[in-house]
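Structures are listed in the sections that come next.
Both of the next two complexes hold subunit A, though its partner changes from subunit B to subunit C.
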Partner chain A sequence: MKENWRTAVHGPWPYWVGAMVLGGLNILVLLVRKRPWGVTTNLQDWSVWFAHLLGLASERIPVSQLLLAEGTYLNLGVVLGALWAALAASQWRFRPLRQRKFGFSALIGGLFLGYGARIAYGCNVGGLLNGIASSSLTGWVFALAVFLGTWIGAKILLKFLV
Partner chain B sequence: MNPMVKNQRYWNWAFMSAMFFFFLLLAQINWKLALNLGLGVGLGFALEKSRFCFVAAFRDPILTGMTALSQALILLLGVSILGFALVAGSGQGYALNVYPLGANTIVGGLLFGIGMVLAGGCASGILMRIGEGFAMQMLALAGALVGVFFGERSLRWWQGWGWEQPGIFLPAKLGWLSTLSLEMAVLVVLWLLARWWQNR
Partner chain C sequence: MEYYLDIWGEMCPIPIIKSQRQLKVMAIGDILVLETEHSCTARGLVVWAQKQGYPISESEVAAGIWRLTITKVHD
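Here is the complex of A and B:
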């Protein structure tokens, strides 16, 4: 019992346990929100809000609307939950960039993944996992495209970064 | 070595107290927001503790030949499909993610796949690693915020040129039983494939 508790707090959990817990929580999110868990729709709303501040977008999303959006708290929760998980195991620390090239790779990668997610209506969570969980054909097609993209990305990674 | 790194017990208590009051405050404004925060925390905690990563599930079979995470993703898909069918099939008013299908689905998926490998995390993975303290994924989030803005601006163009068709909700075409049997069969085949790939 004590041993189990230690593993639960310190980890790592076996992958299948992670998958079952994530699956259960994913279903709970659907029950609470009446629509599935997603990440990038909310990021998009924040980006439009920020672009308006900079004068790059004409439409205005009031910040009160963003602060009352469920997606904001799901996303914030993921960050805080991971922070807590690291803290509970005394493993939290700031992890600086190891090399400058990883910074460029992160910025460019982020740009690509953000753009791709929004023109395809979803990321790995909203588009892939929950597209498929919603028994939508689009989810399966998106998964295939993401797999091919990952393959191309891995080639780029091997050529330029490792 | 910083002694704080060795034992973060007090930081952990401070964090949990702060979270407790944040949760209470939010629940007074809107209990649903507090519930969403709690679910988000659970998801982030589980992602971190199980080292679950969508990128690795797709990338590791290609880079290292390991498919342990791919098999876990298949399990997560199976649980979610059945759970969603149970919830949405028996209740009213659920909006599922049945999105239009077009060239933008394919191009978006390709770009998203390339991007998540370069960024070292997909959208949820970036958030999880920011929580863990990774500077790289903080930069990736900055890039992603610019990317989603451009994506949002050009979606209209893609909808015009991408031969976009309305999304197909499989149970509406095939019925629930055939849909679920087909999906489970595909997942089992993928799982067998993943096991074979690792033991090759």
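Here is the complex of A and C:
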């Protein structure tokens, strides 16, 4: 009993437990929100707000609208939940960058991820996971592209990052 | 012989590929010690080593830092 409790807080959870919890929570989001879970649409709205602030975008999204958006709290929940889990397991620590090349790869990867997610109208959560879950053809096309992209990415990784 | 591999700040699959390469040049009975500050890297290495049939021990030496010891028992 005590051992189970320790694993629940400290991890690692078996993959199937994590998958079932995620699946259950995803259904809950759909039931409450009446829309599937997505991540990047809200991030895009915040980016538009920030770009307007810098004078880079003419489109304007008021902060009041962003603060009332469910997506804002879903995304905050993801970050705060991860922080909580790391703190509860006493695994939180400041991890400085060890090698410069990983900084570059993170920056380039982030840019591609963000750009790709927005021109595809969704990331792997809204586009792939919930695309397939809601029987949309988009999800399957997305899955095919993910496999292709990962294959190319693996080649790049082996060449430059190992 | 004992070997040490620095995999701090590296995410899977990089540490696994590095371990594969290191194990290849080691003799049977040699020990490979790895240290990481990434929980998923530690987890991934444990699962990988077990699948390969290499005995592996994992200990959290400080909050959020793991030390892994792999014994090369076969080629």
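Definition applied: the second predicted complex is superposed on the first by the 162 of 162 C-alpha atoms of A that agree within 3 Å, B and C clash if a C-alpha of one lies under 4 Å from a C-alpha of the other, contacts with A are read in each partner's own complex, and residues count from 1 in each chain.
By our rule, a contact is a pair of C-beta atoms (placed from the backbone, for glycine too) under 8 Å apart; a residue touches a chain by one contact, two chains touch by 3 or more.
As the structure is a prediction and not an experimental result, all values here were calculated from the model.
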When subunit B and subunit C are modelled together on subunit A, clash or fit: fit
Partner chain(s) touched by A:63 [first = subunit B, second = subunit C, both, neither]: neither
Winner by number of subunit A residues touched, once subunit B and subunit C are compared: B
Partner chain(s) touched by A:53 [first = subunit B, second = subunit C, both, neither]: neither
Subunit B versus subunit C as contact partner of A:102, first or second or both or neither: both
Touching partner for A:157 - first (subunit B), second (subunit C), both, neither: both
Shortest span in Å between Cα atoms of subunit B and of subunit C, once chain A is used as the common reference: 5
Subunit B and subunit C footprints on subunit A, overlapping residues: 11-12, 86, 90-93, 95, 97, 102, 154, 157-158, 161
Subunit B - residues contacting subunit A, complex: 2, 5-9, 11-12, 15-16, 19, 26, 29-30, 32-52, 54-55, 58-59, 62-63, 68-69, 71-73, 75-77, 79-81, 83-85, 87-88, 93-101, 104-120, 122-137, 139-152, 154-155, 158, 167-171, 179-180, 183, 186
Residues on subunit A engaged by subunit B in the complex (per definition of touch): 8, 11-40, 43-44, 46-48, 50-51, 56-57, 68, 70-71, 73-88, 90-97, 102-103, 105-154, 156-158, 161
Contacting residues of subunit A [partner subunit C, same complex]: 11-12, 86, 90-93, 95, 97-99, 102, 154, 157-158, 161-162
Interfacial residue positions of subunit C with respect to subunit A in the complex: 8-10, 13-14, 17-18, 37-39, 43, 63-65
